[in-house]
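Both complexes shown next keep chain A, but they swap its partner, so chain B is in the first and chain C is in the second.
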Partner chain A sequence: MATSTLEAPRSTPRAAPPKKPRGSGAVSRFIERNGAYLFLFPAIVYLAIFTVFPLIRGLLLSFTATKLVNPAGGRPVGVENYEYLLSSDKFWTSVATTLLYTLFTVVFSVSIGTAGALLLNTAFKGRGIIRAIATIPWAVPTVAAALIFVWIYNNEQGILNRTTSALGMGQHGWLVDPQYGLFAVTLATVWKLTPLVMLVMLSALQSVPQELREATWVDGATRFQSFLAVTLPHLMPTVRVITLLMTIWSIRRFEIIFLITGGGPLDVTNTLVVNVYRTAFQDQNLGRAAAIGALGLVLSLLVTVVYFIVEQIQERQESQR
Partner chain B sequence: MTTERITIDLPRRRGIAARVGSLGKAALITLLVVFAGFPVYWMLSTSLGTESSLYGGSQPLVPELQNIGQWGGFLADIPIFRWLGNSFVIAAGTTILSLVLATMAAYALSRYRFHGRGVAGFIFFSTQMLPEALIIVPLYAIFAGAGLLNSHWGLVLADTAFVMPVAMFIIKSGIDKIPYEIEESARIDGCSRLRILTTIVLPLIMPSIAAAAVIAFFDGWNEFMFANTFISSSDLWPASVGLSSFLGQFYTPMNVVMFCALLFALPAIIFFLWAQRGIVSGLTAGSVKG
Partner chain C sequence: MKLNHAHPSRRARALRITGIAAVAAIALAGCSASGDAGAGGDAGGELTFSNWQFLEDGKGPIIWDAVKDYTGPNDNIELTKVEIPFANYADKLSTELGAGGGPDVMVLQDSQFASLVDAGVLEPLDDIADELGDSLNNTNEAGFFQDGQYGFNWERPTYNTVIYNKDVFAELGLEVPTTFDEFLTTAETIKSELGIAGFAGRHQTAEIDGWTLEMANWIYGFGGELSDGKKLTIDKAENVEAVEAFLETFESGVAPIGDDASTFRAKFGQGQVGMMFENSGVATTITSNPDNVVNGENMGAAPLPLANAGSNSQLIIAVNANSKNKEAAKDFVRWVLGEEGQTAIRAGLGASAMATDVEPDADFLAKNPWATQFLEAAKTSKSTLVEGFETESKPIWREVLTAVEDLRVNGGDVKSKLADVQKTLEAELG
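Here is the complex of A and B:
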């Protein structure tokens, strides 16, 4: 879901000084003075209980040898879990897999989604229905999508293998051959998420100033030139935001990978979050799982920071032009 | 005379090059539609297949519509309606709880300047970065202690934690767009803040609320990771967990599984198509401020 404010909110007017509310008893005066906190309180307390507290608890858990059978407590082991992970090949493979999966998903979904939006933004017959079809995958629940793709990738009866063998490209074990595991989950993810990019880009396209484009035509620019001069610069902020969000979400993504390959074959799709889940609920090692999760969080923070630095540089270059 | 120039220009553009261009465009659009639509079509087609056609490796490309009668028989095998009912309860609970919390918080963040405003905003944003997988382990421990495992309540609470901030940003961008003067005059008339929020602001931000509701409902309807971990009794499974239980099983025929997947996906698809306009404007208002 494309949803977070990345820029400072527009300057909204300051709260006007209270002007004697009608029922000006002590209670309503208290509400009036502390309105912001009262309105914010429930949500913040909620987040404190259900995300901040578990986060802290998870970090503490990562320094213990807690097992699933006794989730409440385990003996403290210091940085043992981290030492183990940082010296294990399996962990580093998991990091590499996460980065590869993220890179492929983001590149393909953002580029196909943007191109698709440009295409669907032009005028043609039946545009409404075609837009609807092109964006439906986003509405398909992930579990249903995973089941569909598992059937498409099926070794014996799958339509993908029937197609490849009809084209003379032979049959492949899409879900059992380590060579194809990452391809299989990436394709399914791109299918599911490209429509979201498309929706966001379509809506950004609607706010491209048409007068400006027409003005460039009058000045003799070709459509492509006016695209480069007007449309593209107008879309860039949206492209940047959606890329950042897709990146963060890809590092976090669990369900589609877990359901289609379960992290296999031979761990080639064992991303960090899948690794956390398997370590916790299959190997029953909560302490180590929490440590993987913490390192995963470090990774997404790092990616975000790098992203923001790149964005800053780009924005500076753009403003200098 | 600019209008004249344009009218002269336009016919000239429809030359051979433009025709090839529009043919290419048609090809690309077809490709896009096939890419997006085929898997959904294949789900429908598989649900209409017979076991012999599916497992004989000869599933026809055209759905076997004459088999539509078999759908009724599938329902007897699998408690899909019970699972869908559970999904609905979880999704509805998540939606209501998220909207109440998010609307109040959004109003505070949009309309007040106060200490800790930046920190509060950051807390909301940072949940986007937090992997559920990091939370799920301690949450499991906490829920185990609080008796919230194997309960729909626990799921509503966990799902809300992740979708409420998203709803908050969507609703906040809706409130940001309302001119403050409208509220100001109500305040001069002596309206309390709460009344302003419920009687003036709420009706004006209904499109944003609707978009946030759709997002929250989708999230609760689709959620799998928490449900799969916290709910052990199959009677309480939402459809996502019920359906996933077919993965890796060889004795449930694919046509039955795909029929259940269809029943699970259809409400979401219909809902999406119906509310699409609102979702898009809500999403983009919340996420992208170009």
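Here is the complex of A and C:
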């Protein structure tokens, strides 16, 4: 029995639309239109109270002469605080110290952390235990880490000087001699931060497709060539993000520097944030401290802007390939 | 105006929102008013008392035990301690008081006290001074600032004393030094004969508050001052001489470089340091530690080996001008200054001078013969506040100490360095 292959589709009775409960139309339309804003509202309120308001308050404060013990009694002084800072050698030294500290901290943490992650990504016996041990510095409270380093750096009893003496390199005033002050706080910071970089890089490494690497090996690439062709390009976005984050964190880091050197010896570790603390709490000059904070914010923003410009240039170059 | 032309429904909504906000504001105001009423007036209630010493080993519990049972003249006060570590005591309290909060009664260092009086956040206590005037000694002059009595001496731990290890002195047949030259020779002998530090003291800006007290010993000891009451005198000859002597001491190798106070004090307790310029509080702590080699009997104390008296670390008890329980707070200060309070607190304050001439316990004095020297030295010791520049004392001392640290590390001419500091501070402070 022949049947037609082009049968017209059978018409089915159209289902009636579900009845909307009376009065809910306006509410659902409102939610539909403004739902995103409703979900954003708590975050906006949080940011407004804890970020935007203090930021504006801080900026306004920077144009006043205000004492810590009388924050409501400030008198407007225009740009006097900024004029003072921008013409002060101490302030510029503080900026230079912050940049040097940031540069050394970021370069060493990121490079050592990445190298550590590559090492721990290979298969070897006891890898789990080594990974756990390697993360300990990150877990140590900063105050405890700072105290440990103060003991390590002690002139007479410190293990560092004992080691350098034993190696015939003599003793050094790690926390006393301005020549070594920045080195001392940088070393402690790198020790503390490297595990974080390592963990982040390790998770990035584990997302690199194994089949791509294997394909390069089949094509005769060495392990190093395979690393350059496959692993590194996959790691670069993570490297860039962690570098940006580490840079911003380093610019505003306070506790480990203050606990180890207090900004000394001879102000060689007096970074912008330590300077803000000293000005606000020791000199009780809130207005000037707010101005230092505002200029520090400009520095952080500049770093972020440079990062995004570099990021965009790279994206453009990649899309042109 | 724009609002008048708004759509009626928008206007109604605006009115509704305003109404709700007003009700909420009234409700909040009501809550706050009832809260004030509960804590306010002199009808008793909780009285908060802030003192970093509550957290000090040994001393803290004794001081709290001495005051905790205070219930006020009407037996309706409950005292609550506010414990803040010394490291951030001044910062935290200044921030709280500046914001209109803070404890009812507090113990303050004199540098902070001056700033707080200047900011108008401390309650005038002239009436108490008038009532108790005859029983109070002259250490309470430290609480008189800007033409008013805003506080009283809680404790005056004096730095105006050299403490030494009697066993070391006996072993080497040394006499207690009375001049700077004798002091340096003695320290060098200890170092060369026993290989231990002849002297130890703070010398880094990382410990700026403590170093201020110690450096003031040298400055005052040589007859110097940082001001004459009207203008700064940073580069005056006596100050130059004092800084040169300080630098000579540290350059001679008799003192450990890089040790912070807790390290060299621990070393002194273990017999590894011959002499220190120390305060009575530290002397009490060292001698009361049973693990120490140095104890109440083999620790000696003598006047500073300098021509003039040294410094003190004046602690002042004061009342918060924003306290909700001001009268009760003032009653507590009256009690502290009275016989009962002074006797109770004396046990925790060892050999420090107090607001009245209450004697330390006879048993304590018998076990700690060194203590009388501190009690005597307190009478002549001087505050580190820079006269005429009291509220700027900290930045002034920081500038001076940074210069001294620079000279210690890099060398240079003391006179011209202090002259530079003088110029910088004059430009800064006007």
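Everything that follows uses one rule, which is that the second predicted complex is superposed on the first by the 278 of 321 C-alpha atoms of A that agree within 3 Å, B and C clash if a C-alpha of one lies under 4 Å from a C-alpha of the other, contacts with A are read in each partner's own complex, and residues count from 1 in each chain.
To be clear about the criterion, a residue touches a chain if its C-beta (ideal position, glycine included) is under 8 Å from a C-beta of that chain, and two chains touch if they have at least 3 such contacts.
If you're wondering where the values come from, they're calculated on a predicted model, not measured in any experiment.
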item: Partner chain(s) touched by A:L175 [first = chain B, second = chain C, both, neither]; value: second
item: Partner chain(s) touched by A:I251 [first = chain B, second = chain C, both, neither]; value: first
item: Contacts of A:P71 with chain B and chain C, given as first, second, both or neither; value: both
item: Of chain B and chain C, the chain that contacts the larger number of chain A residues; value: B
item: Contacts of A:I133 with chain B and chain C, given as first, second, both or neither; value: first
item: First, second, both or neither for A:F281, with chain B first and chain C second; value: both
item: First (chain B), second (chain C), both or neither touched by A:A294; value: first
item: First (chain B), second (chain C), both or neither touched by A:E156; value: both
item: Which of chain B and chain C A:R316 touches, first, second, both or neither; value: neither
item: Intersection of chain A interface sets (partners chain B, chain C); value: 71, 150, 156, 281
item: Residue ranges of chain B touching chain A (in the complex, touch as defined); value: 2, 5-6, 9, 25-26, 28-29, 32-33, 35-37, 39-40, 42-43, 46, 54-57, 59, 100-102, 104-105, 107-114, 117, 120-121, 123-125, 127-142, 144-145, 157-158, 160-166, 168-170, 172-173, 176, 180, 184, 187-188, 190-194, 197, 215, 218-219, 221-222, 224-225, 229, 239-241, 243-244, 246-247, 254, 257-258, 261-262, 264-265, 268-269, 271-273, 276, 279-281, 283-284, 286-290
item: Contacting residues of chain C [partner chain A, same complex]; value: 90-91, 94-95, 97-99, 115-116, 118-121, 204-208, 256-260, 263, 394-395, 398, 402, 405-406, 409-410
item: For the chain A and chain B complex, residues of the former touching the latter; value: 1-7, 9-10, 12-16, 18-23, 28, 31-32, 35-40, 42-44, 46-47, 50-55, 57-58, 61, 66, 71-72, 116, 119-120, 122, 124, 130, 132-152, 156-157, 159, 162, 191, 194-195, 199-200, 202-204, 207, 214, 217-218, 234-238, 241-242, 245, 248-249, 251-252, 254-255, 258-259, 272-273, 276-277, 280-281, 286, 289-290, 293-294, 296-297, 300-301, 304
item: List of chain A residues in touch with chain C within their complex; value: 67-71, 73, 150, 153-156, 173-178, 261-267, 281-284
